[in-house]
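As C-alpha cells, here come the structures.
Next, two complexes with chain A in common: one pairs it with chain B, the other with chain C.
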Partner chain A sequence: MSSETGSATHGQMPLKKPGSAIAHRLVLTIGPILIALILGGLILLALGVDPIKYYGYVIQRGLLSPTGIQQTLTRMAPLLFLAAGLIVAFRAGVWNLGADGQFLLAAVIAAASAPYLADFMPSWLAVIIAFVLSTAVAVIWSLVPALLRAYQGVNEIITTLMMTFLGVSLANVLVKLVFLDPSTTVPQTRTLPVADRLPRLFDTTISSGLIFGLIAIVAVHLMMTRTAFGLKLRIVGANTRAAIHSGLSVPHLTVAVFALSAGLCGMAGAIDILGVQGNVRADWNPAYGLTVIPMVFLARFNGFASIAFVLLLSVLSIGGESAARRLGVPTVFTLLLVAIVLIVLAIAEYIDHRHNQAAKA
Partner chain B sequence: MSDLFSDVFLGALFFGAVTAAIPLLLAGLGEQMSEKAGVLNIGIEGMMIAGAYAGFLGAYYSESLWLGFATGAFGGIVVASIMVLLCVRFGLNQIVIGIGLTLGFEGLTALLHHFQFSRTYPRLPAADVTVVPYLSDIPILGPALFKHHLVVYLAVLLVFVLAFVYRRMQLGLNLQAAGDKPAALDVAGVDVVRTRAFAVFTTGALAGLGGAYLANIGAGIFVPFITNGAGFLGIVLAMLARGRPFWVLCGALLFGVCLSLTTALQVAGINIPTDVIQMIPFLAVMAMLIMFGRKSSLPAALGIPYERGAR
Partner chain C sequence: MVPPSASNQAEQPAIISLEGVTKRFPGVIANDSVNLEIRPGEVHVLLGENGAGKSTLIGMLSGLQQPDAGRILIDGKPTPILSPRHALSLGIGTVFQHAMLVPGLTVAENLLLGEPWWRLPKKEALREKVTALADSLGVRIDLDAVASQLSLGEQQFVEILRALLRDSRVLILDESTSMLTPSGVEELGALMRRLVERGLAIVFITHKLREAAAFGDRISVLKLGRKVSEISPERFRSVGEDELIGEIVEAMFGKQHDDPDAANRSPNIFPVETPAILSVDNLTLAPSATTPGLAGISFELRPGELLGIAGIDGNGQKQLAEVLSGQEKASGGRILLENRPIERLSVGERRDLGLRYLTDDRLGEGTVGTFAVSVNFLLKQIDHPPFWKKGIEQSGLIERHAVQLMSEYDVRAPGSQTPVGRLSGGNIQKVLLARELAGGAKVVIFNKPTYGLDLANTLAIRQRILDIAAEGKGVLLISTDLEELLGICDRIAVMDAGKLTGIVDNSPTARTDVGRLMIGLAA
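Let's look at the complex of A and B:
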C-alpha cells in the first residue's frame, strides 16, 4: 500500500513509481479474489461440504491434472474471443449485452455450413469459409441495434437484450427445422468429423482455437491502446459530445464498434463449434457471454488482464464440472463464485478510491 | 380451423396469458420505478429468482400462499438491499453489480435448492381463485380474466396506483427528479440517496412478488433458473413503456399472450416449436422500434451514481 506510507510521511500524494503501481493493482486484485474464495468456502461449509477438499479438487482437476489443464485451455478459446468482443464495445461506451445471441447464431451457422462444405472441398477450406460465414452472420445480426443506436439514439442495452432473446430462439428454430441432421433422432445439426475440425496443438488435446483467441484479444488490446482508430473509439466512449466536437463521425464509429464486437462474439461461437463441439444440439446455450462480462469488468477492460481472468474462469468451470460429478456440488457454484468475486472486487475498488481521495484531501 | 378457435381454446389462451403476464407486469413496474429514479436495475433477474425461491419455500412450509408472497417479496428486498448499499450508497457501477447479483442469486438459489430438495421437485397445491361476481359470467373472457388469485387483481390495480403516484403525488415528482436532475432534488432539500433507495427497495419487493407468483401460481413448483429471463423482459418492458405504468401492462399482456399461445397451440394439437412463437413479441417490438424509433426518453441521470458536489 504505497499511498498509505506516502501520505503518512509526507502528507501528500506519493510519486507513483510504475513498479509500485503494478504491485498496488496486484494486491487490489488478488486480495479480493482470496476474500471471495473464503466467502465461497464459508457457503460450502454451511452446506456441509469441506471447502478445502472442494478447492483442492477444483485446482487439481482444472489446473494440475494433464487432462484438466488441456480442457481448461481449450475452454479458454471461445471465452477469449468473447472477452475481446466485449472489450471493444465497452471501451467505446457501447453496452453490447447481446453477446450470447451473436455467439449462438454464429455457432449454428458454423455447425450447419462446415459439414456441408466439407462434402465438396478440402476440409481446411470448408472450416475457413464456415468461420467467415458465421462471423458475417453475427455482424449482420448486430446491424439492427447498431443502426438504431447510431442514427436514432435508441438505447442499445434494450435492443441487444431483445436481439439475444430473438437470436437464441432463432438458433433453436434453425436447428430444429432447417439444419436438422436427418440421420439422428436427436434434434441437432450434422456433425463435423473430428478429423476435419481445427487442428490440435502438438500432441495435446488443446484446440488451436486457443492461439487464435490469444491473438484476437492481444490484437484488440493493441488496437484500442496503440492505434488512432482505437483512440477515436475511446473518445466516443468517454465523451460523445467531445467526440462530435473534435469532428469524429460518431454514427459511423458506433456501427463499426457493433460490427467488431459482434464479429468477435460470432468468432467465439464459430471457434467453439469448429474446434470442439462439432455440432449444435437443440436448446444448447452455454451462456458464456453473461459470465465473461464480469471477467472483462474485473480486468478493467485490459486485454492482458482479461487473459488471466478468463483462465481463472476456465479453471473454475472445468474444475467445477469435475467436482460436480465427484463431490456433489452442482456446477452453479462456479456462477456464485464468479458473482462473489465481482462484488468483492467492486467493493475493494470503492474502498481504494475513497482511500485515495482521503489521501488527496 | 373451427376447432382452433373453439371457446375452450380461447379461454385457455387468455387465462394462460394473464398468468404469464403477471410476473412480467410486476417486474416491469418495479424496473420502471428504479429507472425513473435513475438506477438501471440489471439485478432484477436476481431479485426475481430470489423471490421465486423464498416465495416457494414460504408457501411450501407454511402451506399458505399469502405467506409465500410475503417471503417472496422479502427475498427480493434482501437482494435489493445489496444493490442499494453498493450502487446507491457507494455509487458503484450499476451494470457490474446488477450482472453480479443476477448471476450470484441464480447460482445461490440453484445451489440451495440442490442441497435442500436434491432432485425432487415438490409441487404446491393449486391456488384458490377469487371469482369476480357477474363479470366472470361473460362467455369465454369471463372465466379467463376474472377467475384468478386475488394477487392478480391487486397487481393490475397497482398499475393505476403507480400512475397516480407518478402524476399526482410529491413522491412521484421526487422520483422523477432523482432520475433526471438529482442535484436539483438535493438542493430542494430531498435526500437523493434515500429517494433512490426507496425506489430500488420497491423494485425488489415487486420483483420478488413477481418471482413468487411465477413459482407458486404460474408453475406451482420451483426449479433452478425458473425465471428464465423474465427479469430481463421486465427491463425491456420498462424501457419501452417510457415511464407509463399502463404501457407496462399492455406490453406484459402482449408478451403473455405469445407465451400462452405456445402451450395453447400444443394443447390444440398443432405442433410448432415453442421458439417460433416466442420470437413474435420480440419481432413486434423490434419492428415498432425500427418504424417509430426515436430518441427514447430515458431519465437523464440513468445509470449515473449521485455524488454530492461532484462535477
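Let's look at the complex of A and C:
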C-alpha cells in the first residue's frame, strides 16, 4: 500500500479537469458509504429492526440532539489524536498497529500521575505534567518495534501488534497492583476531580480536548505536506532505496516516525483521561486505535478528510450506543458498518482501477 | 554477420524458428528483427550484455510477451505463444534466473504443483518417473527434501526436472549459472550435454563467454536488440576455444558498420603531474552473498578527464560508484576530492563538495516515481535554502526551479507536477542529469547513463557528458557498452571480480587491449 495512493490515482486521469477529478474522488468515497448503509440496513431488516428507525435514531442521538452532539464532539478528541498519529506513520510507510497499547499505557500514566501531582501543585500544571509524562511513556513503549525495524528490518506490523497485547496487559497490571485507589472497591486508579480536568468549551459539556485534537491533526497534515521533514518521511515511505540514495538516514527517520506516531497515540490516551474519564478502571480498553485505522484509510491519509471521517465514526458510535439501549441492536453493529464500508470501498477501488486500465488500453 | 552455412545436410528441422521478431518498449527497441532457429540435440547459447534483449526474447518464447512484428514458427507452423501455460503445452519449459520453487514444500510437492486441483496428487507415479529420469541423467535427487534446504544448483535441477516431467522438447535456461558455484556450473554443463544427447533442444542464456564456448553447440550473439552474429556447430568444432572466444568478443564488442556511436572524440592525454581532482587509493569493500565487493581499487582522475570503467556487468562497478558517492561505507582505503579526504563524509556532504552520482537504477533509487518532477529535482537537497526556509517548503521557488531545469535540459513532460514515474526513460534520465549537474558539480560518476535509451537520447546524454568534461570537471563513466567508452573516454579501466585489472589509454589499440583485459588476459 503506497502512501501516495491518492495522488497516484489522481494522476491517472490526466485528461480530466481537476474539478471533475475531485468529484470522481467524492463519488468513490461517498458512494461506498451509502452502499454500506444500505447493506447494513438489510442486515438490520434480517434482525427484525427497522433500518430507517435505527439510522434515524443514530443520527438523532449522535448528531442532532444537544447532549448527543456534545458527546460526539467530546469523543472526537482522542480519535483525532490517534488519527494524527496513524497518518504520520502510514505516510512514512510504517504500519504502526500498536496504537491501542500506546494509548492505554499513556492513559494509565495520566490517570496515576494527575491526581497525585494535583495534591501539591496547581491543577493546570499537574495536567500539563501528566500529559507530557504519559506521552513520553508511549514514546518509550514504541522504542522496541522502532529499533527493531530501523536497525534489524523486523516487520513492525508483527511487533507493534504484539506490543499491544503486552501493553494492554501491563496497563491492567499497573491499575490493579501499582496505582490502585485504596478507597474504592472496584479496581481503578485514583480519580482526577472534575474541576481539575481540562476545561470545557463555553457552557457545553464538550471537552477542550477537541480543540487540541483538531490542532494536532491539522499540524500533522501541514507537517507531512509542507515541510522538509514531512517530505523526508514521505520519501522513506514511498521509496526507501531512493531515500538511501539521496543520503537520508533511514534508521533515524524511522525511529523519529515511531516516536511521533506513538507520542500522538499516547496524547490521545492522556487527553481522554485528563479531559473526560478522570480515571482508568481495570480491564478498560476502548480499542479506539483499531477503529480509527479504517477511517484514516478512507481519508487516504489526508488530515482534513480524516476530521470528517472521525466525526462520522463518533456519530455512529455515540448514536449506536444509544440505539443499542433503545432498539436492542448491539453496539458492535457500528464496527460492522465500518467493516462493510471498507469492503465496499475496496471493491469500488478495484472496479475503478480496472476501468482506468481498460480506458488506457 | 556470419551467414548460416548451407551445408548442414544432417541438421534436424528446427522446433522453433523466429522470423524477424521485433519487440518495442516505450523509447527502446528490445528486439529488432531477430531470426533464430532452435533445433533438437543442440545447446543454443544466447550471448549478450545486460540490455541486449535476451530477457525479452525469452519472455516471448515463454509466452510472457507477444512480439510486435515478425512471427514464431513451431514445427514449421506459425504459432503465437499466448501464455506461459500455452508455452508449456507446446513443450517449451523455462527455468528462470531465480529459482521459482515454493521454499516450504518438499521437492515432490513442488513437482506436483500445477496439476488440476480436483485430482489427487499421484505421488507414487511421480516417484517412479523421477527416479527413472534422474538415474538416466546420472543425478541423485531426494524427493522428500524441503526445497529451501537444497543448494541453488539442486533447486535448479528440480526446476529442470519439472520441465522434463511436462514433456518439454525445448528447455530454456535463463542465466542459470549466475547464482551457481563453479562446480555447480560444471555439473549444469554436463547435465545440459546429456539432455541434448537425448534429443532435447536447450536455449542457454548467459553473458559469460567461457560458459558459452564450453557448453554450447551454436552461439547467437545479441547486441542492442539485434542478432549480430551466429556461430554454427561446424565452426564450433573447427576452431579452438581461445579463437572462438576471440571471435565472440569481436562480435560482442567489435565495431559494427551501422553502429550509431560514430561520434568519436580524440582522447586527451593528461600529463602525470596534473593534480588529480579525485584520487582513490586502495579502496576495499567486503564481498556480500550477491556482490563481488571491491579489492584494492586505486586510480586518479584529472580535471577535464573522462575515465571509463569497462567490464561485464556485476563485477563491482555499482559497488565502486556507491562507495564513492557515500551510499555504501568502504571497509578500507582513501578517497580524496581535491586533496581532501572524503571517505568518512555522508552522501549529502560529498554532494555539497561537488561529488555527484548518477545511478543506473533510475526508478528504483534515482527517483520517487509517484512524486512530482519538481520534487524529484530536489530529492538530494531537501531542507536546503532557498527551497526550504526554516524547514517550510517554498512551493513557488520549487516550481520555478523545476520549470527552468525542464527547459534547460529539455525534459518533456506534461508539467512539473507530473509524477516522474510516468515519464519515458530518456526524460527520467534528463531529470537525474539536471539534478546532479546543478550547482557546483566537480566530479560526476555516471553509471550506465545511456542504458536502455533510444538513439536520440543516447546521443544527447553523451554530448552532455562530453560538455561536462570540457568544462573541466572530472567524469567517471561506468558502462558495459565498450563502443560508448571507446567513443568518448580519455582512458579506460577494466573491472573484473571487484578489481581494476588494468587502465589503458584510449589509443587505436585500446579496443583489443580492453577486450583482452575483460576476458582475463593481460593487456
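Everything below uses one rule, namely that the second predicted complex is superposed on the first by the 347 of 361 C-alpha atoms of A that agree within 3 Å, B and C clash if a C-alpha of one lies under 4 Å from a C-alpha of the other, contacts with A are read in each partner's own complex, and residues count from 1 in each chain.
Assume a contact is a pair of C-beta atoms (placed from the backbone, for glycine too) under 8 Å apart; a residue touches a chain by one contact, two chains touch by 3 or more.
Small disclaimer: the values here were computed from a predicted structure and weren't measured.
In the superposed pair of complexes, A:304 makes contact with neither chain B nor chain C. The partner of chain A that touches more of its residues, comparing chain B with chain C, is B. After overlaying the two complexes on the shared chain, residue contacts for A:124 are found with neither chain B nor chain C.
Once the two complexes are laid over each other on the shared chain, residue contacts for A:228 go to chain C alone; chain B is not touched. Contact with chain C, but none with chain B, is seen for A:242 once the two complexes are overlaid on the shared chain.
In the superposition on chain A, A:154 makes contact with chain B only, not with chain C. The intersection of chain A residues touching chain B with those touching chain C, taken from the two complexes, is empty. The touching residues of chain A, when paired with chain B in their complex, are 43, 47-48, 95, 144, 148, 152-155, 157-159, 161-163, 165-166, 169-170, 172-173, 176-177, 290-291, 293-294, 297, 329-330, 332-340, 342-343, 346-347, 349-350. Against chain A, the residues of chain C that register as touching in their complex are 326-327, 346-348, 351, 359, 361, 364-371, 375, 379-380, 382-383, 388, 391-393, 414, 418-419, 422.
Those residues of chain A that touch chain C in the shared complex are 2, 4, 7-8, 11, 14, 226-229, 231-232, 234-235, 238-239, 241-242, 244-248.
Across the complex, chain A is touched by residues 40, 82, 86, 90-93, 95-97, 99-108, 110-112, 114-115, 224, 229, 232-233, 235-236, 239-240, 273, 275-276, 278-279, 282-283, 285-286, 289-290, 293-296, 298 of chain B.
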